[in-house]
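Below, each structure is written out as structure tokens.
Two complexes are shown next, each including chain A; its partner changes from chain B in the first to chain C in the second.
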Partner chain A sequence: MTAVEAVALRRTYDLGRGRGGGQREVVALHALDFRVDEGTVHGLLGPNGAGKTTLCKILATVLLPTSGGVRVFGNDVVSRTRQVRQSVGVVFGGERGLYSRLTARQNLHYWCALYGLPRRALLARTEMLLARVGLSERSDEKVDGFSRGMKQRLHLARGLVGDPRLLLLDEPTTGMDPVAARDFRLLVAELRAEGRTILLTTHDMAEAEAVCDRVTLIDGGRALATEHPRALGALVSRNERIEFDSPTADALPGLPALPGVVAVTTLSPGRYRVETTATEATKAVIGLLLDRGATSLTTTRPGLEEVYLKLIGNRGMEVGR
Partner chain B sequence: MSALVQSLRVVGYSARNAAADFAATYTWRSWTFGWVGRMLSQVVFFTLAGRVLGAPDQARSRFIGNAVMTCVVEAMMVVASSVWERRAGTLPLLVASPADLAPVFFGRSLQWIASGVATSSIALLALGPLFGIDWTAVQIPAVVLLQLLTAVGSYCFGLVLGVLVLNAPQLRNIASNVAYLAMMSFCGIQVPVDYWPAPIRLLAAVLPVTYGVRAMTALSAGGPAGAVWRPAAAVLLLGAGWLAAAFVAFRVFAERGRRDGSLEFGQ
Partner chain C sequence: MTTVRTMHMAELVRAVRTFAASFRLQCLMMRRSPGDLAVLVTAPFFSLMFLSMTEQADRSALAPYAVAAPVLIAVWSMSLFVAGDLISKERGNGTLEGLVATPASLSVMVLGRICAAVTLSVFAFVETWLVAWLCFGVVVRLPHPLALLATLATTLLAMAGTATMMAAVFVLARSARIFQNTLSYPVYLLAGVLVPVSFLPGWLRPFTRVVFLSWCAGLLRDSLARPDIPDLPGRLTAVLVLGAAGFGAGRLLMRRVLWRVRVLGTLGQA
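On to the complex of A and B.
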């Protein structure tokens, strides 16, 4: 089943009248076609201003599309808002979105009440979620004193109070230390195993590669590509790659002339990469390199980061519009 | 679960948030000697000012009006505290939840009603005898009930203003201050309502505090029951009207936010 389906989705923001008196607007989503299959973790990658958060806001029903259609589990976000809200949980990164003067337990009680849970279910769900995100021991402490990682765990628990079929994670690991971020990814994997659908927006390529079944690269409000993170590499290069160490460069002579070898590049002093067009050529190159004493051999495909930079471009600090 | 029961539950859980905010804002000492002390001083100041300015006959009504006003001043803090949801970054999450916004916001600032009723009760009961107003034991529950009605009615009016300033958070304190200063001027607190021209009298006629002061004045004077319960009923009806307006206003606010994109994640 399709969890999310957007067709020709467009969202513009009114910027008021310009100097010439004409209405100015910025296009955040530009006739976006987008689909997420149920039970998958779908990554949304793109630079700042690409339209990722706008899409999440529309799916969370806090923003209306300007035109086009979006359905969540078959429910239109405009005409069947209540049904969509019952099936979606929202988690965004950062410090805000929690009641800092309440304890973790009180926060969850509150949100469970807003989702209409009867008292007994409310108590049980709260305890289950606190245990799940590892906050049971700290559940009676005010959120004010929580670390960023603990707040993010509580954010995730809050996003799950309604037992959502679709979880929107908008840059959820922002500011987390590596250990907390790893734990968070493990939780995401658990949620996927339960059959939940997860839409994850992130700038973190490693995170997207680690947890996503499919990734959509988005820029300027348009989807540039949607693929499995590993398959996305083929958009940049269909070649296989062998990387190796050869401190004295003894392994290099004759490599470029081998059948099927299309490039030999230096990655860093003593570290090289050979690109081949076919598996047979790769085997021959590996055999030769081993004979010549090359070490640290690995075969690779273009990573997500490389694909991202290739398709979206390296903009430095520039923010897209 | 009926919609009413669900709304009441949301109000209850939201009120816990209000209590937590109150506990973080005041200690018993700072509330008693800071807040209550300040409000009692205000009541005494305006009452004595009436005497000094040569209107000793008005001292009684000024005292009643300003004492009742203390609970309204505090109830009007709902205007500012409604904006706290934006500051906490919870507003988009509330809109995205299946709950109505109005019960959430109704419960969210109830601490001001509790504190306001306590403050004005202290003012009326403790300071009253100093200005020639003695209460009988039978009157005391009615005194508290009338203040509760007035505070709740004014709070519902404040909720409507709170919705308006959700889109202009920088105006939150200005809006609440202007609102209660206007009430002090126009609603029979400092000068009789009849002093003002018709448009302002019309404004005073839709504000619950106008009738709350009338009911309390009648009660303090030992007037007939009808002179107390008729304005008290007006407070109740106007409060219900403002609450209904707040329900509509919150829905309009949420829909408008969805249209214009003013509900940002993290805001």
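On to the complex of A and C.
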């Protein structure tokens, strides 16, 4: 079943009248076609201003599309808002979004009640979620004393209070230390194993590669590509790659002339990469390199980060519109 | 038919849970933020002022009026303060979008929270009664305790219902403070809180009939001062009907306003 289906989804923001008197608007989503299969972890990657959060907000029903259609488990987000809200849990990024003067437990009690849970179920769900995100021992402390990472965990627990079929995670690991981020990935895997669908927006390529079944690259409100994270590499290059160390460059002579070798590049002093068009050529290159004493040999394909930079471009600090 | 009835019942149960949880949340928040209870600090001073005037004029019979007025001021101020601040604080806190994204009704959440706040404001009655006794030696008798309780209860409900309508306006408009300051004295006047409406110019009196607080003020004074209370059920019903109308209008307005801010994309903008 399809968990999320957006067809020609467009969202604009009115910026008021410009100096010339004309109406100004910014297009956040530009006729976006998008689909997430049920039970999968789908990553949404893109630079700032790409439209990721706008899409999440539309799916969370706090924002209406300007045109086009979006369905969550077959329910239209505009006409069947209540059904959508019952099936979706939202974790917006950042430190805000919690009652900082209350404890973690009091926060979760309230959010559980808003999903209509009876008292006993509410208490049990709260304890289960606190344990799940590792906050049981700090559950009676006020949230404003929490670290950023702890707040993110509580956000995650809050997103799960309604036992959602679809969980929207808008940059959920921001501020988490590496151990917490690893635990988060394990939790995402658990949630997936429970049959939940997860839509994850992130800038973290390693995270996307680690947890996502599919990834959509989005920029300027348009989906550039949707693929399995590893398959996305083929969009950049179909070549196989061998990377190796050769401090004195003894391994290099004659390499470019070998059949099937298309490029030899220097990655850093003493570190090189050879690209080949076929597995047979790769075998021949590896054999030669071993004979010539090359070390630290690895075969690779383009990673998600490379694909991201290739398709979206390296725009430095610039924010997309 | 049975399915529809079951659905309505489930909705009702959900609304009651939302109301109860929101009531509890507001109590917790106010406990952690004593500044929100400022009206309970000002009420005794209002009481002192009004009682000074009645005692100076040698009109002890008006003492119940001087006790009732600060209570109504406290209830109105508290509801106006909470209704105004609730939405802007949720916005600033980044929780408003999360609340709207739940299946619960925002109107019911607001109603529960305002109910909690105005319930706490009723302690102003105890304060003003004590001020009259301790500072002026005036014991305001309670000849109709049940009528008094019924009046206070209906006043709270009507107040919370009306404040829900104001909260809906604050979702759209972000200048709650101006609204709060502007609305206080005209309502005190039209409600007969400071001066009984019978003392107002004749052309103004019809307007006072649609201000639920004017019915509350009359009932509160009668339950403290008169040997009998004319048409108690009818007047209590008027308070409840006006309060329910306020809540109904608030719900409708909230739905429209939420739609509007979802179109504009301004829901989360503090």
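Everything that follows uses one rule, which is that the second predicted complex is superposed on the first by the 321 of 321 C-alpha atoms of A that agree within 3 Å, B and C clash if a C-alpha of one lies under 4 Å from a C-alpha of the other, contacts with A are read in each partner's own complex, and residues count from 1 in each chain.
In the analysis below, contacts are C-beta pairs under 8 Å (C-beta built on N, C-alpha and C of every residue); 3 or more make two chains touch, one makes a residue touch a chain.
Everything numeric in this text was worked out from a predicted model, so none of it was measured.
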Touching partner for A:Asn48 - first (chain B), second (chain C), both, neither: neither
Chain B versus chain C as contact partner of A:Arg96, first or second or both or neither: both
Touching partner for A:Arg82 - first (chain B), second (chain C), both, neither: both
Partner chain in contact with A:Trp111 - chain B first, chain C second, else both or neither: both
Which of chain B and chain C A:Thr266 touches, first, second, both or neither: neither
First, second, both or neither for A:Ser147, with chain B first and chain C second: neither
Which superposed partner A:Cys56 touches (first chain B, second chain C, both, neither): first
Touching partner for A:Ser67 - first (chain B), second (chain C), both, neither: neither
First (chain B), second (chain C), both or neither touched by A:Asp170: first
Contacts on chain A seen with chain B and repeated with chain C across the two complexes: 11, 13-14, 57, 60-64, 82, 85-86, 88, 90, 92, 94, 96-102, 106, 109-111, 113-116, 118, 158, 162
Complex contact set, residues of chain A against chain B: 11, 13-14, 53, 56-57, 60-64, 82, 85-86, 88, 90, 92, 94-102, 106, 109-111, 113-116, 118, 158, 162, 170
Parts of chain C lying in touch with chain A, wherever the complex brings them together: 10, 13-14, 17-18, 20-22, 24-25, 28-29, 32-33, 93-95, 97-104, 109, 259, 262-265, 267-268
Chain A-touching residues of chain B, taken from the complex the two chains share: 1, 6, 9-10, 12-14, 16-17, 20-21, 23-24, 88-90, 92-99, 104, 257-261, 263, 265-267
Chain C-touching residues of chain A, taken from the complex the two chains share: 11, 13-14, 57, 60-64, 82, 85-86, 88, 90, 92, 94, 96-102, 106, 109-111, 113-118, 158, 162
